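Next come two complexes built around chain A: one with chain B, the other with chain C.
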Partner chain A sequence: MTIRALERVSVGQNGIGSFILQCKRLDIHYCDHSGSSRGMNAFIKTHLSKFAQTHPAIEFAVSPRPRKHPVMIGHYINGRQKSICVANMEPSQILKKAELLRDASGDKVKRVNKPVTSINESVRGVWSPYHGNGMAV
Partner chain B sequence: MRRIARLRKPSGAPLASIARPLCIQRAATRPSPSPAVQINTVRFYSSRQPETLPASLADSKRAVPEVLEDAVEGTEVQEYDLHPAEPRVFVPPPRPSVAERADTITDNLYTPASTAEGLESIGNLGNWWDDPEHWPETSDFVGFTPKQKVQEPVLIEAAVRRALTEALVVKQLGKDDQLTGHWGMQDRAQHDAVLALGLKVDSDGKATVTGNLQSVAEGLVAKDGEAAVDSAFALPSAAEALAWKQQSDHSWKGASLLEARVKFAVIKRVMQLTGHVVPDQKLAEIATARGLLATLQKPPKPKTFSQEIETKKQDLISLPNVAFSPKRVTRGHKDMALGRFKLIEAEFKKRDLQGGPLSVPKSREMKHWKGDA
Partner chain C sequence: MKRLRLDRLASQLLAAQTSPAARLLRPSTISRSIPQTCRHSSLDYNSQPCQRRHQSTAASPAPVEEEDHVAEVEDGEPTPEDLRNGPLPSPHPSRAASSAKLAALHARLSLSSKIPLETLARALVDPSADAHPKYNNANLAYVGSTPAHGVSSQPPPPGEEVDPGLLQYDPLKPTVVMNKWGYVRANTFESAKYQSGKGLSGRVVYGSNPFGESGPAKSLPDFEVENDRNTKALYLQDAAPNAYANFVRAVVGAVYMHCGRDAAKNFVRSHFLTRTLDLSKLFEFKLPTRELARLCAREDFEAPVARLESETGRASRTPVFVVGIYSGNDKLGEAPGPDLDSALVAASINALKSWYLYSPGQVGVPSDTFTEDAAAWKPAYVDIGEIIS
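This part shows the complex of A and B:
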């Protein structure tokens, strides 16, 4: 008799049922005086308020980092971080980067070189030499 | 430190004869600075004692009266007291002696020196200005504006109203020369009396002052030797000024300042009362008292971006999911937020070590950069 594994009833997928944002915190660092922070300072003044209002699930920590380039660091619920240097960027570009950090899962970036990926099990199954009736050669 | 720049060159008169007496006379009428000014003034004296004065300065006490003797006849030399009990002016260096020209010497025994050895040194002031007796603190420059600017908008408004009323009083009495004169700070009673005067402004902006104008105009003229800035003058408190503002009519703000002499008098007086200097580029656009108020009451520009966020972006800071820190967040702050810092401190104390990342002393070099020993 072949061994049969327990059948999986469902696969957990974020967004089916409920959606949990993977980014839990966004650190925003700027410098008071450096020119590379000009865009970041403008972003904080013009865009951040609205962006923070529309994402109540993310904690925003804004603090200066004197004599350093401006940086945004995303913290994710899998414990990982993702940081982006936004030196000399325009406020609109920085907003794009903030959206990127928001949408990221926090996983390491993996190379995808297959045209189709699926989380469903193969219908055909996986062949095993130890199972089944065997085949006369 | 040599302060030769303090000696002013008199205009018109021959330099050798009356340069120093004029300088003394001018400085003698200078008002004494307020105590607050003295505290704020930092002076650096050399710790070195003048070891060898040049020969020309060696007998300074004798030399100074000689200078005065050279003064132009008719100058009241006897009034000058160069070494009073509490000197209020600087003591000028004595007049340098000039060597006789070799070709005018009639003495047959005279032979010109071939080396500098043994000759008297002449020609500089040595350490004259390093001596505190020659340059007392009381002789320091006293500016026209007070050192502390008034920042309360209500107090600035009261000062503008006072300045406008005073200028208009002088104008109405026909004493146009007084508009550009030196006005005393006066006392608090005078301040209240000026604000109590009525000020009516018609639709063209022409203002008329009603009340006891004569007493205000008389009190306005500064006494001889009165300081432009008087630390004893107490401005009303913000609450008092607010009470005055609520009672008063605001139509006076429409008073015209298009007349140049009145405008000058008002701005000068406001500068004296509040310490605010109106920039030149703003002068032309100020046409009414309201315009002047708008220029003065503008809050000062924030020094850093963090300050700007704190003051102007309350909508961002007040969001529940935004934490703003005006200073750099360090590892120690993160420990504090987690409640871990107390434990770390306790463990450090057990091992007799310093108390964590926040208690690291500043570098010693920092002190040296700031000029401390």
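This part shows the complex of A and C:
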């Protein structure tokens, strides 16, 4: 027995094969009395039911939070949360924020400065200085 | 190859067509007006009236036998409601319809509407949380034994009050382990107790972690039930991965039972087979040069010879040697290394991998022959395998 098996976990790439929405739960907090929640209350009355209907994969939890600014908290499959304070916003702005939370992956925001990111090996291979005839300097 | 009649074996997993939830109801809610088709499993309520469900049966991966206790309830035996003693070990199936988490999980996995929420809720109950085979996922997982993909978050301790949309398992209770991978053996309580797993063969057989060590035996509670079916119940060192895997298998089983074979194949393909796994990193060689020599002898190749192809900086702090392995005029493998020995070993490993890791290309699977006017099954050629034992 000179071969030993090693444990590896296969790497999934969301969208290849199946797509799983990363946002699993959206907490929506409002206050009945504060002026900063006026837009949120209107959003809950006008937009939320349609938004929730079009997104069955997200669990929506609406709960009051008296004497506090309204917030939306997205919970993601990777265990992280993303929260947005939507004080004094119009319902249409809040809808934009809800879509932002829906589309987020839950990861920390990273700077992407490479045009292509891939886990596949390069087709062309990596250049080696030890092969070929070399280059005359 | 004779086809396994899973539909017949697992008919108890399918809900009745008229009301899918009715068959999954708890004994405590069954009124006498409901036909008693599947209320009682093989456990005997009469002899042990105060027995709780999780103490009653072994969680067996085999499909549950058909029920034959239909007539017992009419004979005036105490109803299961009277027998209920304490909270249920897992949430009541009737709560599945009102669970937002469960509905969201159903939608997130893009499951067909043919799969009821009650089935998905049952798929989330590990045998360690609820040992009753009618309410845990052991049978569904047996139907859908395939590779895995985790979904849920950290589970709460199991019990009746838990949201049915969460995975439920108990690390201190025996569970069911599906083994479909050749020689990998389940790490039973007994093997953890008596086997150190340090021997060479033990490292292969008990290789539960990347280093092939099974860890020290934990002090575990006594078995709750001492009967002949439960004495081999499995206590795992780390219950969570097994619970996740059982859930995934149970979902595949549910897709198979409710939507059929093609849907299950599509589900497995889109969720698991599209994941990336580098096969060349799945194993390591102990004596690659020796094994390569034996391989060449077996295949009647000339004995392998290592040649230095190129080098740089031999006297420097960071030299590089490129070693190629040749059999006659054929180059078998090549690798760079910081010294001659490690370059030789790496080149031998490359040669062995290029020999063993060939791909037969697109070969079908046996279930391809189930379709109409399909060609006869022709299995892919498999190498005669390892040469040093």
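The rule we apply is simple: the second predicted complex is superposed on the first by the 108 of 137 C-alpha atoms of A that agree within 3 Å, B and C clash if a C-alpha of one lies under 4 Å from a C-alpha of the other, contacts with A are read in each partner's own complex, and residues count from 1 in each chain.
Just so we're on the same page, contacts are C-beta pairs under 8 Å (C-beta built on N, C-alpha and C of every residue); 3 or more make two chains touch, one makes a residue touch a chain.
All figures in this text were calculated on a predicted structure; none of them were measured in a lab.
Asker: Quick check for you: in the superposed arrangement, does A:A104 touch first (chain B), second (chain C), both or neither?
Answerer: Neither chain B nor chain C is touched by A:A104.
Asker: So, does A:A87 touch the first partner chain B, the second partner chain C, both, or neither?
Answerer: After superposing on A, A:A87 lies clear of both chain B and chain C.
Asker: Report for A:L48: first if it touches chain B alone, second if chain C alone, otherwise both or neither.
Answerer: first
Asker: Check whether A:P56 is in contact with chain B, with chain C, with both or with neither, and answer first, second, both or neither.
Answerer: both
Asker: Return the chain, chain B or chain C, that is in touch with more residues of chain A.
Answerer: After superposition, C is the partner touching more of chain A.
Asker: Determine, under the contact definition given at the top, whether A:Y30 touches first (chain B), second (chain C), both, or neither.
Answerer: first
Asker: Contact-wise, after the overlay, does A:R8 reach chain B, chain C, both or neither (first, second, both, neither)?
Answerer: After superposition on chain A, A:R8 lies in contact with chain C alone.
Asker: Taking the superposition on A as described, I'd like to know which of chain B and chain C A:S18 touches: first, second, both or neither.
Answerer: Touch partner of A:S18: chain C, not chain B.
Asker: Applying the touch criterion given at the start, work out whether A:P64 contacts chain B, chain C, both or neither, answering first, second, both or neither.
Answerer: A:P64 contacts chain B only, not chain C.
Asker: Touching A:I77 in the superposition: chain B (first), chain C (second), both, neither?
Answerer: second
Asker: Both chain B and chain C touch chain A; at which residues?
Answerer: In chain A, positions 56-61 sit in both the chain B and chain C interfaces.
Asker: Applying the document's contact rule, which stretches of chain B touch chain A when the two form their complex?
Answerer: Per the touch definition, chain B meets chain A at residues 304-306, 308-309, 313, 315-316, 319-329.
Asker: Would you mind writing out the residues of chain A in touch with chain B in their complex?
Answerer: Touching chain B from chain A are residues 30, 32-33, 37, 41, 44-45, 48-49, 52-53, 55-66.
Asker: Could you pull out which chain C residues touch chain A in their complex?
Answerer: 100-101, 103-104, 106-110, 147, 149, 151, 153-154, 165, 200-201, 203-204, 207, 209-210, 212, 269-278, 281-288, 290-291, 309-310, 312, 320, 322, 336, 386, 388-389
Asker: Could you please specify the touching residues of chain A with respect to chain C in the complex?
Answerer: Interface residues on chain A, with respect to chain C: 1-8, 10-13, 16-18, 20-21, 24-25, 56-61, 77, 79, 119-120, 129-131.
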